[in-house]
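Let me begin by presenting the structure, written as structure tokens, before commenting on it.
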Amino acid sequence: MAQLIDDDPRIIEFDVRTDEMLVNMGPQHPSTHGVLRLVLRTDGEIVSEVEPHIGYLHRCAEKIGENLTARQWIPYTDRMDYLAAMNMNLGWSLAVEKLMQYQVSERARHLRVLIAEMGRIASHLVGMGAYGLDLGTFSPFLYAFREREKILDLFEEACGARLTYSYITVGGLTADLPPGWLRKCEEFLDQFEPVIQEYHALLTTNAIFVKRTAAIGVMSPELAIEYGCSGPVLRGSGVDQDMRRDGESIYTAMYDGYAFEVAVMKNGHYPRDHAYPPVPSDTVIGDCWHRFFVRMLEVVQSMDLVRQAIDRYSACKGPLGEPVKLTEKIPAGDAYLETECPKGQMGFYLVSDGSAIPWRVRARSSSFSNLAVTHELCRGCLIADVPAIVGSLDIVMGEIDR
Amino acid sequence: MSLLAAGLPVAAVPLVAGLLSSPVGVAHYLVVGAILFTAGVVCMALKRNALGVLMGIELVLNGANVNFVAFSSPYLRGEGAASLGLDGQIIALFVILLAAAEAAVALAITLNFYNNHATVDIDRAEDLKG
Amino acid sequence: MLLGLAWLAPLVSFVAILFFGPRMGHHGKNAAWVATAAIVTSLVLSLAAFGTWLSAHPVKAVSHGAHHGAHADGHAADAHAEQGGHAEHAEHADHGDHAEHHAARVPAAYSGDWYTLYQGGDLRLTIGWYIDALTVLMFVVVTFIATCIHVYASGYMHDELHDVTDHEVHLSDGGHLHRPGRFPRFFQALSLFCFSMLGILIAGNLAMVFIFWELVGICSWFLIGFYFERKSASTAANKAFIVNRVGDFGMLIGLMALWGALGTLHFADSTVAAADGSAVTTPGLFSLVRPAANGHALQVPDGMVAFANADEVGRIAAEHNGRPRDAADEVAARIDGWRSQGIGRWLLFIAGVGIFCGCVGKSAQFPLFVWLPDAMEGPTPVSALVHSATMVAAGVYLVGRFYPVLTPDVLLVIAIIGGITLFIAATIALVANDIKRVLAYSTVSQLGYMMLALGVGGWSAGLFHLVTHAFFKSLLFLCSGSVIHACHTNDMRKMGGLARVMPWTAGTMLVGCLAIIGAGIPFVIGLSGYYSKDAILAQALSYSQANPSWSILYYAVAGGAFLTAFYMFRLWFMTFAGTPRDHHVTEHAHESPTVMVAPLVVLSVLAVVAGWTLPGGFGIANLIEQARPAGTDTTSTGGFLFGTVTVPAEHLSHEGSVHVTATLTAFATAAAGVLLAAAMYLWRIVSPTVVAYTFRPIYSFLAHRWYFDELYDAIFVRPAFAVASLASGTDRGVIDKLIDGIAWSARQLAGLDAWIDRNLVDGLVNATATATWNAGLELKKLQTGRLRQYVMFIVVGTVALFVLASMLFRAALAG
Amino acid sequence: MADFLINTVGLPEWLAWTITAFVAAALILNVIAGGALVFIWAERKIAARIQDRLGPTRTGGRFGWLQSLADGIKLLAKEDLMPEGADGMLFRLAPYISFCASFCAFIALPFAFDFVGQRLNVGVFFVVAVLGLEVFGVILAGYASASKWSLFGAMREAAQVVSYEVPLGMCVVVPVMLAGSMDLVTIAEKQAGWITNWYLFHDPFTFVIFWVYVTCAVASVNRAPFDLAEAESELVAGFHTEYSGLRWSFFFMAEYGSMFLVSALAALLFLGGWNGPIPVATLAGLSEGTGDTANYFVRLIGCGNLLLKATLGVLLMMWVRWTLPRLRIDQVMTTCLKYCTPIAAAMFAGAMLWQLAFPGGVVRGLSRPAGEIREGWLEGPGGLSPGRREPVPQVGAAGGMESQEVVQVVP
Amino acid sequence: MMTTVLASVMPVAAINWHSVLFLLFAAVACACAVAVVLAENVVRMAFYLVLSLAATAGLFFLAGAEFVGAMQLMIYVGGTLVLLVFGVMLTAQAPFVAIKTSSSDRVLAGMVGAALLAVLLQAAFRVEPWRRPATAAVAAPAATPIGMALLGVRADEPAAGVPAAAVRSGYLLPFEIVSIHLLVVLVGAAYLARAKRRRTPRAIDVAASSVGPVVTARQAARSSASALVSGGGR
């Protein structure tokens, strides 16, 4: 028997054995990004099991969508991932357009790219700042929000809202950009570019930050694929997938002619289109640091895309086009479309019986899948790693609970 | 205080007054040491919790230490009386150190006991009973 | 203090490598750096100490004791005189009345204790220091040479950085031993070695010397046996260690004699702050043997006299029963009388000879020199270190350090032993073909020189030679290592013509050879060996003039000089000159890497200049002179064992006649030796083979190293085996039989006993056991396993005891 | 001051000493409480400035300088909550224990020569030991709160503080070794003179160990990046999760008190204590003994010096807090056991060897500290100081004792 | 009332403040020691113990043993008690925090304790005559003699006028022994407190080991296949 125990690799010697504890982290906890509740089974500081409990923010959004016309449901998508509402709008609009086989104007297409990528920057800024907060540093959070505020100012100028935009809609956008907006946007980008180095200094390359994130919550590519992770979480594990490039044609057509390289580690290095800090040696592909770093890369990537979109949009002299009618009938049939949202692949599915109101609406939430992997990543980590891991997944409860 | 205030032996007042006005001698310290020692012993005898017993041991050692320090104190001795001098203080130091060591080992034993028996009740530690 | 740090630096390195060696880089590569850094630190600190010393005690040109007061204005002239090869010293020749000057002259020395290990009664064992000019100088020499050797070894030992296949070790399966490299281990031992040697140098008392003495021994064991898988290496290591132990046994006797009689092992007077604040000065060995009151002249110390005359002292004590003070007074009053009777001088003689025994072992003197050539089994850097700066130097150093305590008799013994060693080793070196062996025997021979020099009163000459020899011998060894490194053989017969491929090595080796034979232009300038060897010769000559019956010593020295010149140049010619004899060897030969050549060059420069005296008088000889023990700069006469022996004062040897004769002798013998070697091995006028054939018996006698190993084998080893086999035969044949017989009868008795046992005793025992068992069952109930109850029992018991006791012995406990 | 009361005012001695003691206690209390107010305000402002914000602006007119007072009033007015399952007595006592420990340590902390609550022979040791007691309040608070987060915080704090006491102690021992005394007054006085006399610049080892001390000090007072006991992103608020109102503010004051204390200790041990970088007073001829009033002002300036240095230390901690992320508990322990302790030990050995090799010091040779010149009056607390012309007045039968007990703050 | 009675008996000026402080600390120490005995909850016991020990440290300060007092605070109160509290909390489950003792035990222990106390007190009063302490100036206590003594040099005895011959050796050896002892205890305690137990592996371990079994399975398959082949060949 003793022999057996000695040989069993799963039996590890502990310094001191203590009682197991069940600890509730959330739903009112500073670092659970909303109303997530994690039940931790801990042995001292070591977490043996994590069980996420969700549903505190459930608002029957999908059911409501079966009682509204496609365009009427747009504001509800705003409230899913409220940090990247533009991208939510876009996903739903594209899904409906796919079923309707609707083609938006060239100008609207470029404007959509512009707005969506700005939304991505805004979302990643929150993800980054909040991640710093999870790790106990407060200042980067405010630095990130300072910049996000500027984006929100721009959005407000464009559509009148700062959080729930409903700007992109089925058939185009609700309005064209006001005059001077592009100049302001370019000014913002020029001003924002050096700030990113500041973030790198404060977080990405900070020794303590690296210590907290390197080799923590390592997710193998297989595991990520098994759990259906997507977005930066997937790419952080080294899987080269980005819907903007690999998605369905109606979505990828939007990015036709745009030059961008998917932010993923290939052959041991990340894309070299910009000057990035070197990858610290103690990180492992798939750990928290890489997930975070992919987001930082995507911010730069999105800035590039925004600049390209500005050029193309201003070059487009055609009309923007009007969105479809509020009560536009949708052809019978079903359509499912996944778009690359900041948090991951956001899929919308709708079944229509031919009326203006979809018969069935479903959303495939990226954060939901990403959160599902928590219990795998957190097994055997320390309590302090739980916020670090959950934060690196960058979830939004509004999207998970819908 | 309240006892005295309740009109109980006013005869105690001179005692208190004497205590307050007369200088402190070795015997004072010995009394304190005795009380600590006894409390420790009773604690050891009384507590079923292994940690309680440990605390009793600490008290006992501490009581002894009080005596050592008192005997070595330069303030508490009469003129010309033999004092332990530095020895007392150093023995007290060693006692403190060894008490720390003892506590560490005893605690480790307790934890081990707890791991094996899921209790710290020393009355259950009777595996070697005759 | 600087020296203390310098002393400890190798220890730090040793400890560091001991614990972290394998982790230092790949295969402990950085261990070399650590060790070298440590020894360089030591060197730097030693140099600093050297500088400090020089600034505190400027070296004066005067080497003749106390005349600088009288001849203050003659210093410049003296300096010139010395520069010119000691040409004119007539002005110093007639100093009849310097006894009082001498009495006043005491060498500058500092001593003290760092840490008292133990103090009980008279015995005080301390870690202390005794520092004079000699210590400082030797520190610089040892650390410098050790530094060179460390640097050299870091190149030489690179094979050990990876797994090594030792082709000299044949395993039972026919293969060769394959083992991991031991690079850090080597440097670890090297560091410890240096630490121990420096410990001997700095030691302030004999006990400390002894400790480090043994440490040096064990280190040599480590290092010589570095390739311990090779049988020859492990045997050599054991041999070195055991032979040394023989000598150390004598040393222990000497130590005991000194301590038992004098109660102190400190060299210098030690002042200990007593508890009441006053300083109590305990005289050290030096001042006991040469009390200042007696003009630093040697006398048998009071303690030793009393010790030797213990019966008489006991009788006096008995007479004054109860009045120890009176007894002490009487003893003190009578001691001088006893001393004049010669009581106790035996003891001093034994002490001196005993200490010298240790030096015999360590410095490889006759008859214990056999280990040194075998020690060549170690890696070459080790040989260089052992032979030049550390181990063998330790013996000479100790004799030098201990010099004031040695009586003329002891000195004579030393001189004789030195002479014998010198001669034997030189002759063996004549015929050896292994390059390292030649050097080894040359070392032994040179050590004999030093011992002889010390023995004939040439204190500074011997130590001067020690220093210069350290430089050129380490140079020679490193050169030979370089050659071996290039040729992969030790056999000189396979070499030849190497000067072309290894110019640096050849050149530096030539410098070394010239230095060792004492080459120089007489009275003008010479290499370092020239000065030191001249001094020895001169002193030997002076001694032989003073004691005509012992003039053999002078001839030994002169003959030795001839032999030295011959065999050294035989070596050089065979190795470097002429044409290659074995093309396999020379084809692959190449100059060694810079890390090995650099130390050679540095050492060769030093081998040239080490003997020079700068204008102004700065020179090693004068520096050593500065440390001359009090009272040894006069001619002293004494001895009881070999008749009266006169040890002439050393400065007498600088007198014109003596000096000129000696210098010319040295030059002539050396030149003759070189010429003969050249004739035989360079010009080939005389064929060595023919010579060897002609003198066949002598040649084979020498080639077999005087049959010393066989002699020891016959005298000690065989008899030991014989005794052992006799013992085992007795054991088997007689004792075993006897025991078998006893056993048989015991068996019979036991049968009887068993019956009684079973029937009578067992019944009794069983009854007791049953009773105990039942009692135990009852008592078991008391042991509940409950700690708390036990505590209660203890308390109740204590209280009860106390109450009981206070009732019974009221007075005893209550008070 | 006691002299003054006895001799001039004519109060009975016992009353004079009592009043003196109370005044001293009040002064120290003010340092903590007032200091805490200032520091909280400073922290708000500094944090805001670091984060591109303004911080409090309106309270008290300008700069929001009354903000902490307003906070304090709010805290006073707040309801004191106690969780249902809490151990009432311990829950109530814990903040005061923390505060008392922090306060007690100030007793032996000199602010200038003779400006010390109680000059102790083992001053450094006492301060470090008492500072270590603060952890008790935290542990008890964590336990008594009956909240798992609190318990986690308490356990972390206990593990961390107990571990960091080891390197901290080693760091502290170095100046003690250099000065040859554990008396803080002596240690600081030995660094008098030019800036080169500060132990920070004594030798390379002390320079390194100063930074080790800073790390350990930050860790032992639980400031970021070692603020694991109250790590808000992990443990909500750690050991004081369940506290509110006045009790919570006591924890806060204890924290700021300890911050100030370790900073002052750093100043005393490494940064010359109350001695400025340039011996202005000596250069100006205002040496000890010029006159009582002059002395007093010299010491007042010294006191200001020390407060300035300590404040700088506190500001440094704030700066660090608002810049760096938090370490994980195992990393904190690693930092302590694998880095700080060996480094401190090595530096300790190094400083020792240095002292052995250069007993006179290297840089110190430039200017001799005043304390070494006036060696005589550096001896023990019973010694006579020139500022006080007559021996300590003896009170009662055991007059000798009084100098041990009595608080001497103002000469 | 008491105050007035007291004031009538003695003037305030006659109060010996040293004694007052002593009484204060002594009272705290004794009361807390008794409280340790009486408390049911282990954490509270630890708390009282801390107070008792800290008050004892105060007594040490009063007795002039400043170093010992600080040591007591640092090691005893700071170290030992934290250790104890650790232990309490590691095993912090409600039923174990308070384990009741039977009342008969209490009575018995009380009686025995009282007897012991009586004996000790009797000893305390009888062994040491009630002397007046020295009022003369005593050398200020300093940590230096202790440090010197621990290094093996007795600085105090020569200072006290003990003749040089009678000065005893210091405590270097005990000091070293205690140091080694502490080290051994640390190691031993760490070893003792270890426990073997099954532990859920971390995700990273799973990821690392997930390759392992697959490979082994594959190898096993391969080796069995090759065994089959070779068996067939034979």
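For the reader, a short list of remarks on this structure follows.
Chains: A, B, C, D and E, in written order; residue numbering restarts at 1 for each.
Convention: a contact is a pair of C-beta atoms (placed from the backbone, for glycine too) under 8 Å apart; a residue touches a chain by one contact, two chains touch by 3 or more.
What you are looking at is a predicted structure, and each value in this text was computed from that prediction instead of being measured.
Among the pairs C-E and D-E, the greater number of C-beta contacts is found at D-E.
Relative to the C-alpha centre of chain A, the farthest chain centre belongs to C. If you average the CA atoms of chain C and of chain D, the two centres end up 59 Å from each other. Chain B and chain D have CA centres that are 32 Å apart.
Each chain gets a centre from the mean of its Cα atoms; for chain D and chain E, those two points are 26 Å apart.
Put simply, the C-alpha centre of chain A and that of chain D have 47 angstrom between them.
For chain B, the set of residues touching two or more other chains reads 23, 41, 45-48, 75, 111, 115.
In chain D, 155, 397-398, 400-401 are the positions where the chain touches two or more neighbouring chains simultaneously.
Those residues of chain C in touch with two or more other chains are numbered 788, 792, 795. By the touch criterion given at the top, residues 47, 50-53, 148-149, 152, 155-156, 224-225, 227-228, 231-236, 322-331 of chain D touch chain A in their complex. Interface residues of chain C, counted against chain B in their complex, comprise 779-780, 783-788, 791-792, 795. Interface residues of chain E, counted against chain C in their complex, comprise 105, 108-109, 112-113, 115-116, 119, 126-127, 157-158, 162-165, 167.
On the chain D side of its complex with chain E, the touching residues are 12-14, 17, 87, 89-90, 93, 120-122, 125-126, 128-130, 132-133, 135-136, 139-140, 143-144, 151, 154-155, 158-159, 161-162, 165, 181-182, 380-382, 395-402, 404-405. Looking at the complex, you find that chain E touches chain B at residues 1-2, 5-6, 9-10, 14-16, 18-20, 22-23, 26, 29-30, 33-34, 36-37, 42, 45-46, 49, 52-53, 56, 59-60, 62-65, 67-68, 71-72, 75-76, 79-80, 83-84, 86-88, 90-91, 96-101, 105-106, 109-110, 112-113, 116-117, 120-121, 123-125, 127-128, 130-136, 138-139, 141, 145-146, 149-150, 154, 156-157, 160, 171, 174, 178, 181-182, 185-186, 188-193, 195.
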